[in-house]
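Chain nomenclature is as follows: A, B, C and D, assigned in order of appearance, with residue numbering initiated at 1 for each chain independently.
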Amino acid sequence: METINKNTLKKIFESILSSMSDAKEELIALDGSMGDGDLGLTMCNGFKAICDEFDNITDDDLGKLLMKLGMKMNSTVPSTMGTLISTCILKAGSKAKGKTSLDLDDLSDMAQAAVDGVMQRGNSKVGDKTMLDALYPAANALKNAAVKNKDMFSAQQDAYKATCLGAENTKNLKSVHGRAAYYSEKSIGRRDPGAVAVMYIFRGIAAVFNK
Amino acid sequence: METINKNTLKKIFESILSSMSDAKEELIALDGSMGDGDLGLTMCNGFKAICDEFDNITDDDLGKLLMKLGMKMNSTVPSTMGTLISTCILKAGSKAKGKTSLDLDDLSDMAQAAVDGVMQRGNSKVGDKTMLDALYPAANALKNAAVKNKDMFSAQQDAYKATCLGAENTKNLKSVHGRAAYYSEKSIGRRDPGAVAVMYIFRGIAAVFNK
Amino acid sequence: MKKLINNPKDFAKETIEGIIAAHPESLKLVNGSWHCVIRSDAGTKPGKVAIATGGGSGHLPVFLGYVGQGLADGVSVGNVFASPSAEAMHEVDKAINNGAGVLHLYGRYGGDIMNFGMASDLDEIENIKVTEVLVSDDVASAQKGNENKRRGVAGMLFAYKAAGAAAEKMLPLEEVTRIAQKTVDNTRTMGVALTSCTVPEVGTPTFAIADDEMEIGMGIHGEPGITRTKLQPIDKIVEKLTDKILTDLPFASDDTVAVIVNGLGATPKEELYIAYRKLKQILSSKNIKIHRKYIGEYATSLEMAGMSISILKLDEELLPLIDAKCYSPFFEQSR
Amino acid sequence: MKKLINNPKDFAKETIEGIIAAHPESLKLVNGSWHCVIRSDAGTKPGKVAIATGGGSGHLPVFLGYVGQGLADGVSVGNVFASPSAEAMHEVDKAINNGAGVLHLYGRYGGDIMNFGMASDLDEIENIKVTEVLVSDDVASAQKGNENKRRGVAGMLFAYKAAGAAAEKMLPLEEVTRIAQKTVDNTRTMGVALTSCTVPEVGTPTFAIADDEMEIGMGIHGEPGITRTKLQPIDKIVEKLTDKILTDLPFASDDTVAVIVNGLGATPKEELYIAYRKLKQILSSKNIKIHRKYIGEYATSLEMAGMSISILKLDEELLPLIDAKCYSPFFEQSR
């Protein structure tokens, strides 16, 4: 499967939801130690809302579809990560406008747009110990895979592995955004919850594709 | 000493204060179990204020003197008992108007006026389990002593003994006034704190007179 | 005891000092005594009946907050939950009297009754005409038939409002007194407490209550209530309170009422609105019309958590008096 | 958790239902959504700049209580301590826009910033002119020099008041925005917390604090403050808070200011007045004139005990805007 159509997109969101559900307690605990502990709930509720809404949307234009799903997620879970992930979906959608199927080049563009969107919306950059520190390596991995003409399966494996590494690396960083920033120095040594959530998103995406 | 002059009056209030100070903790505990526990403090503070004020009052008219002391007590401790005791002092004062010395007949009249004052102010009667149940027997004892032409020492001993009996008898009564009334049935078996305070007032008065 | 205070002994005094420092254009002391607070224009309106109130501290905006235009003229202030002295009351009466007499309007509490009684005696000696009305709206504090043994709680607001407006209309003392009494007779309140308050000088909670319990009908000084049960959803609680109130007066279909949803101190406004939501549903279902509502803190018990509901039955006479404008630094009604 | 609520999940929604039931003459929903509350006359004054605010629930009267005449025009309402969605904000903007543009006026919190940002994008698509001002008055939340990283707390009241009055004067969007920003720039707040609040859906206190401790500078969602120490007398606390505020702006002799002594939820009004007493002494001693004071609950954290002090430096432009009359069911200034 080298392109993604509406049906694949639905499977992807369902797979993310299932990945996120498995990670729920871990995310609650992670966010609870330096934040308010809502992350596990908001991610599950947000992707659940997207899955529930999916069939109500009749558009075949995947761009429009993603825009509507992004808005759905935002109005369901307007927390920091909920809003940032919906920003990702909206920005990705703007790159998919007019298309009914997406190839790896499209996905790479969409991931880059998501990164830009988060940086703008969150006024943040790579190294700030946020979800960006997982998202940015994933976008990079997709770009490299596209340049190297890798297949979809390998590309998604690369992206997921990049998020694993990225999330792990946030241990060495100091929080400067959100509630965790109040703990600043104390945040060093722990993974950023948002970055870990991004990792589980890419784990969900990757699981849809096989060799 | 068969009459009371200004000097004796001062000794009487000082003696009440000392009697009350000895009973302070007992009164706090008694009032605490069915009320707000302030009785020990208000009685001590009230009589302390009277003793402090005494020398500032130049009147030789014992009636006027008592009126001023009663007002002083009320403005210092306007709690239920503070107000009732100051009512007693005011009413007693009204009977002493124009006099510079008081004999047993005067005292009997004054005690009766105090009883009437409390009944009117408190809208209460003997048997309601209040300070009246100690005050009324004391007033009666003074009247009997006056009728029988007893000496001052014996009269005050009679009055004190009457308060002891009266206070003890409140155990069998049910509270209908003040905070204790909220406990109604539960109040049976315990002495009324106000009646006990009256007992200590008369103990203080009696201690001034010797055979 | 966790309080933002200095020496607990100075709690009431320093509260008044802060209030006078904040609102000198509205309030002033009599003879510099913090026990006697009056409208800054008190005693300057010949022929207007003056309204005096008073009681213990710890209930703001009761009592001092209801001294203002279209409300009371003066207040005597006691220590926390303790009556002010007869002397303080008498000084207030002298200062606010406009020659038309003084109405003593206050809650039914033993110590206050005795002191206002003594104050009346002192007033009479100086030829000040005095009447009195005791607010006694707390349904929980005595059985029906014994209305005249009930304590005064948040319903006080209605009595100040109606009597204050009547006095502002220059009605004579008998009329102002009659209207105050009628307002009291038409008001019922029931409350629920979730936590105790702590009297600063005592330093420990007035009563103990378990983490999952509530007490229906508890008094605003911690007087025992009617029942202590497990905490229930607010909709259930409002049903219980409203039921007691409606059957007691009784209120009937087509009645027009004013209501107070009153916070006792620590309860957030959000919760009061959740309570109002249910109250409105109940009254609507019984065809009782809410003409005016007050939702907030109108009579408190320091930091007690809990709330009360008060309902006043209105008629052609009371309605415009409750609607009348009024102003105090604590209670403003401009529409 | 001891709260007068029904299902914790419905806390924010039922609060809004209660508010709309209570104040239909002042407030209404957009499209029946409890997340979108606007003035009942919103969008009907051609040429008037509209002011939108928004944020999480649990802070009444912030935010909804500042929707009214001479204040904001609409509010988007989130769950407890959680941002409303960009969609809700956008719906509010559409409903309140009078054709003269919308000012987003809200407190600096991550989630709110992002959602208001998204809402602006949505507004632009529909050709609604939008500006934004982030209230950031909490001195404790970032060092001097980093004013633009500070959180918004009780000082919000001043921003609503000044911007609302400016909009009512029919000033254009740029002017209303400038005035709002200037008000924020001239406002400083410092607070102290004594106890935690409990988010209904969480059910346990947000943070732990010992019975004899206080935390200076704690945020209104329980964000860590500057120092945690033994509880001190309020005079000492007010000294500390005021000192931080005065040196930060800095305020100087002969300044004229407006002040807020704000209760966080459970703190009795008596204590706020004891705090004001000291604040006035300090400002008088420094020759700083208090032109107007607000003493009460203006920005709360559910049932948190504690208080904050806010000071706004006034000039000829801001003073009449702060003095202007305004009305909302939660905040009335008639003189």
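Note that in this section a contact is a pair of C-beta atoms (placed from the backbone, for glycine too) under 8 Å apart; a residue touches a chain by one contact, two chains touch by 3 or more.
Owing to the predicted nature of the structure, the values given are computational and were not obtained by experimental measurement.
Q: Count of steps on the shortest touching-chain route from chain B to chain D?
A: 2
Q: Measuring centre to centre with C-alpha atoms, which chain is farthest from chain D?
A: The chain lying farthest from chain D is B.
Q: What whole-Å value do you get for the distance between chain A and chain B if each is reduced to the mean of its CA atoms?
A: Measuring from centre to centre gives 82 Å for this pair.
Q: When the centre of a chain is set as the mean of its C-alpha atoms, what distance in Å lies between chain A and chain D?
A: Roughly 33 Å, centre to centre.
Q: How many angstrom lie between the centres of chain A and chain C, each centre taken as the mean Cα position?
A: Result: the chain centres lie 57 Å from each other.
Q: Between chain C and chain D, tell me the centre distance in angstrom, where each centre is the average of that chain's C-alpha atoms.
A: About 30 Å separates the centre of chain C from that of chain D.
Q: Please list all residues of chain C that touch 2 or more other chains.
A: Expected reply: no residues.
Q: When you check chain A against every other chain, which residues touch at least two of them?
A: None at all.
Q: How would one label the connectivity among the chains shown: line, ring, star, complete, or other?
A: Topology of the interface graph: linear, an open chain of contacts.
Q: Let me know each pair of chains that touch one another.
A: Here the touching chain pairs work out to A-D, B-C, C-D.
Q: Which bits of chain C are touching chain D when the two form their complex?
A: 2-7, 11-12, 14-15, 17-19, 21-22, 57-58, 60-61, 192, 194-195, 211-212, 231, 233-235, 237, 265-277, 280, 293, 295, 297, 300, 302-303, 305-307, 327, 330, 332, 334-335
Q: Where on chain C does chain B make contact in their complex?
A: Listed in rising order, the residues are 78, 81-88, 110-111, 113-115, 117-118, 202, 221, 223-224.
Q: Please output the residues of chain A touching chain D within their complex, sorted ascending.
A: 36-38, 71, 74-76, 78-80, 83-84, 86-87, 90, 121-123, 177-179, 182-183
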